[in-house]
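Two complexes come next, and they have one chain in common, chain A, joined by chain B in the first and chain C in the second.
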Partner chain A sequence: MITPLPVDAPAVPAPLVPGRPARGYWKEATGRLRRNRIGVTSGLVLLFFVVVAVTSPLLAAVFTQADPRHIDLLNTFLPPFSPHHILGTDDLGRDELTRMLYGAQVSMGIGFLSVGVALTIGAGVGLLAGYYGGLLDGLLMRFVDIILAVPAIFLFILMSILFKPNTITLALIIASVGWGSIARLVRGEVLSVRTRDFMIATRALGASDARLILRHLLPNVLHVLIVFGSLYLGQVVLIEAALDFLGLGISPATPSWGNMLTNSETFFFHSSWLVIWPGVTIFVTVLAANLFGNAIRDAFDPRLR
Partner chain B sequence: MPGPLLEVRDLKTQFSTPEGVVKAVDGVSFELHAGETLGIVGESGCGKSVTALSIMRLVPRPGRIVGGQVLFEGRDLAKLSNAQMQEIRGESIAMIFQDPMTSLNPVFRVGWQVSEPLLLHRSMPQAKALQGGTIMLGRVGIPSPETRARDFPHHFSGGMRQRAMIAMGLTTTPPVLIADEPTTALDVTIQAQILDLLRNANREFGTATILITHNLGVVAGMCERVMVMYAGRIVESGLTTDVFAHPKHPYTWSLLRSIPRLDAERHEPLKPIEGMPPDLIAPPPGCAFHPRCPFKVERCSRDVPALNRVGDQLAACWVTQSGVELKDA
Partner chain C sequence: MLAKYLVRRVLATIPVVIGVTLITFMLMHVTAGSYIPGIDLNPNLKAEDVEAIKRYLGLDRPLYIQYITWLAGVGHGDFGRSMIDGSLVSSHIFDRLPATLELTITAILLGILISIPLGVTGALRRGSKIDHALTAMSVGGFAIPAFWLGLLLILVFSVQLQAWGLPFLPSGGVTTPGLGGGDLLDRVVHLILPATVLSFVYLSIWSRFTRSSMLEVLSQDYVRTARAKGMTERRVVYMHALRNAVIPLVTLVGLELPALVSGGLVVEVVFSWPGIGKLLYERALQTDYTTVLGITTFAALLVVAGNLLADILYALLDPRIRYA
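What follows is the complex of A and B.
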């Protein structure tokens, strides 16, 4: 049915090696990431905390057999490595390890939820503003400017007063500021991709705006989202801990790393482990998120190759 | 003879810039019949590409089509909704762009991109569309298309990418193909292959082709008819053989004398066209070419000449319309 076009190009014999694997952008990027030892290590650290967060009730049942809210006034300020309390107990006799395990739930839950929400909104706004430009771009970007011009801590305080924070509302509160920077980044990237010839070539094929944005533009800005998302995770964990510490975060009864710091600051000289466990954990998490983010950026950003 | 497939009537496209309104296309009219190859030549910035983009309704901001009609099979494209226009693009009129290096999306496999028009216009299942795209890649001379379809654009050379672009344009076998300087970014040997490919597509699928170029040699080898554009207007149009043998507009005449010829006397110098292309915000009054024209008469700086029959072709020139032959002084 189909005869080949008579083309004057020399007939090239079929290659002897069939199905030469084509290494694409993603494969090359993940390959580079896998060779980065610090990146892999910090990724594993993050993965460890995620696993802890997901399985914390199970881990608590197996290792500590304690309830994070169980108050035991006969056993307050037990030092680490006490029997049944490997990491000691706090001022109310609650088991530190159990509270740390459950704290991971809060930090990771809020972390990933915030990142997810901020990335979705930020990417959407950035894509629309960058693609359509003009008045829509002006309005959306001035709105972003306004949000980013107000010191974030005031917005967090204001919203914490307006909405009683639980895990979900706190994640939304943090994301409601974070999406602005993502929108800016994505818009900038879209502006540079939009003018490339393949965009107009694809329009010339009859593609709709929605298809152009979702199928052609989004994959071209995805690397920005991945890099920013992983760096932003560390920030969110830090912000969440800070809000808890200020008493503006999640309700004090809930075990979270930030709340554990709040209660312990008065006992720093008396029982320093109450500061050290949550403090070091937050530090390690944020460091891992930042190092992982850097590794991903090195792997994905073509300009750094 | 049936009516023209594509008819452009008095097309006017302008760009509003802070410096003023650029009249990029200023009253262009022409017809394209089924199966023919029409060349549009002219120097950079004369409105060739904007004419093509206007037909596709893809003029980038701040450009705007301010007047005229583009009739495809009798339907005015300007009056179609965006959704209807999307149906025309790629299905009825396809376009190939100048720079194959940037005209493919870097994050998608070539086969997927070539089959995209089939997904868009034929609502085929993905696997079947991919099959069609792969067959097309083979037909434009990509060796072992099944394997290469899985490659990404950066695995392709410039010539192969342009072949892939042509395959993309032809998968739906559109009646009209607009090729905007398809060979400019390629080296000479690849140019010849790409032109062969376009000629074969024209012959096999009956695709009417508008070939936009600044290369007179390409036009001579490819096109039955040619239009010469200058400052957003058509200054001469006719059968390629007539226009090249007996140019009836001083611009065409000068263009032809500014390129080297095999049969020229040894050491005969090339004769460049004096002066600069006109400023399209404030073009010269009268004929836009008159400041550079060696034949100009008093009337040229006053009235704009219309495109009228001179000899075997059409020319917009007061001098030749009054019967004067263009000859070396």
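What follows is the complex of A and C.
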């Protein structure tokens, strides 16, 4: 089914017929990814937003010379391309571009943190449940059933009013639901890898459980994690934006693309750009994340195409 | 065999029900340890008054007793009373349920009715301009924030059309308030924008799915046989291929059934649609914990019941299902 990593593969005798040069799974996959033009482009777009998020104070200092929280009531609703305000100002006279730059911190920070946490927990639970089976498997998987039975958006809202989240807690709240599906996927993959010959052979050599799980199972389910993680990123950005829009995400004092759209319907007739900029940015980010995820899936798991 | 499977399947839901209620109850409990946040800090209440209120609400009893009492209530359809107005949470739920179902069912039906022809078109003209356009649309539709799409549609079809003096669509509510509202046409007109937004995501996923499923079926032997027999292409596509291509779609649509109650929350908020999602959202902002808890539990129990029902139906309809 899945090409095992070279570590586990038996020494392949040199092919008698000259064919393609033998290359490892990872080289094959990254090669496929590099040849995918849409994949590379969307990856670069995503990278652009990451760079903006990391350097937003610097960018703001260089390009806009404005503070995202600086209120200027004499200059509210300035249209785009006004002097000193390239993207205009909002209802409190704050510079749109500066707020957009800082908003990238929230979306990207929460996006990657959430994906990271969900993947770690999901992989851990999936590996343990799949490897040990039996009672532990039953307990862990019933717990996943329970988490996934509660409508996710209700859980997000419930936890948001309970914990009044900041950037980090909001990422944890989103991840606290997302890990369930990952655990299920990983467990399924582990079940099929567990019985393969190389696993039995390694166990016969006296490898410990920990070594079997971390050195032999994990590399073989890594492609599931990479594929799911990259597709999940776009979902997290969407969820986060929706929660911020509803006023249940991070505090409105911190600019985010989602909370910049809160109440926008009250003034979008005369200042439609305030609705356009954050919305288009969220859209482009999620689009790039999804397309990149698709490219990753095609590269790492061509059977799923 | 079948009966044994059914019994086991029903029994297996019990731990899930307990787990779901336990999680929502415990989340609720960590809020403040009492249903009334800050009651201990209120300077206008004497200590014995606070005690009396807590005793009246049963909060002086051990946690597990509180949970069992609450669970027994839920078993009877009693989800407690709202902390804001003291009315029954269950009556709130049933007031709001019809509006929510009206919206989500319409959106799902729209999604099915539009996505199948789109998917078939894409599959039949694979690689054509139409196919590429449909692909782009579905990739875009999957990435667009629903609340933002809603805002844009309101901007164009409600605000802008009205500004130009053209007939426009209402931007919110189920019916026009006051006299003259509430007939079927009025309801349909109000439904157009929110249902469009909500069906957009379904459309993006399902049309892609129909396309790939259709491509797979069209390459199978029996389709070639049908063509070789001289059957018209139309008959091959619609009578033979499509029937088998939509079977996986049925499963996919079934997966959306849990979203019947919760799926439209954001859209309900944007379009002031008086459904369950909007109720939960409003009560969450007012920190009406009991109502939020009640709705969440109700929705979760519906999901559990829906999954159970689906499994039982599968077992009854498809004898190939393994009773493992």
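A few comments on the model shown:
Criterion: the second predicted complex is superposed on the first by the 279 of 305 C-alpha atoms of A that agree within 3 Å, B and C clash if a C-alpha of one lies under 4 Å from a C-alpha of the other, contacts with A are read in each partner's own complex, and residues count from 1 in each chain.
By our rule, contacts are C-beta pairs under 8 Å (C-beta built on N, C-alpha and C of every residue); 3 or more make two chains touch, one makes a residue touch a chain.
Worth saying up front: this structure is predicted, and the values here are computed from it rather than measured.
Legend: residue contacts after superposition of the two complexes on their common chain; A:V62 is shown touching neither chain B nor chain C. Of the two partner chains placed by the overlay, neither chain B nor chain C lies in contact with A:L74.
In the overlay built on the shared chain, the residue A:L291 is in contact with chain C alone; chain B does not reach it. Of the two partner chains, chain B is the only one that A:R196 touches; chain C does not reach it. Note: no residue of chain A belongs to the chain B contact set and to the chain C contact set alike, using the contact criterion stated above. The residues of chain A lying in touch with chain B in their complex are 2, 4-9, 11-15, 18-20, 22, 24-25, 133-134, 196-198, 200-208, 211, 216, 219-220. Those residues of chain A lying in contact with chain C across their complex are 142-143, 145-147, 149-155, 157-162, 234, 238, 241-242, 245-248, 261, 264-265, 268-269, 272, 275, 279, 282-283, 286-287, 289-291.
Interface residues of chain B, counted against chain A in their complex, comprise 56, 58, 60-61, 83, 86-91, 94-95, 97-99, 102-109, 116-117, 120-121, 135, 138-141, 143-144, 147, 150-152, 155, 165, 168-169, 192-193, 196-197, 200-201, 204. Interface of chain C with chain A (complex): residues 15-16, 19-20, 23-24, 27, 30-31, 139-140, 142-148, 151-152, 154-155, 159, 163, 258-259, 261-263, 265-266, 269-270, 277, 280-281, 284-285, 287, 289, 292-293, 295-296, 299-300, 303-304, 307.
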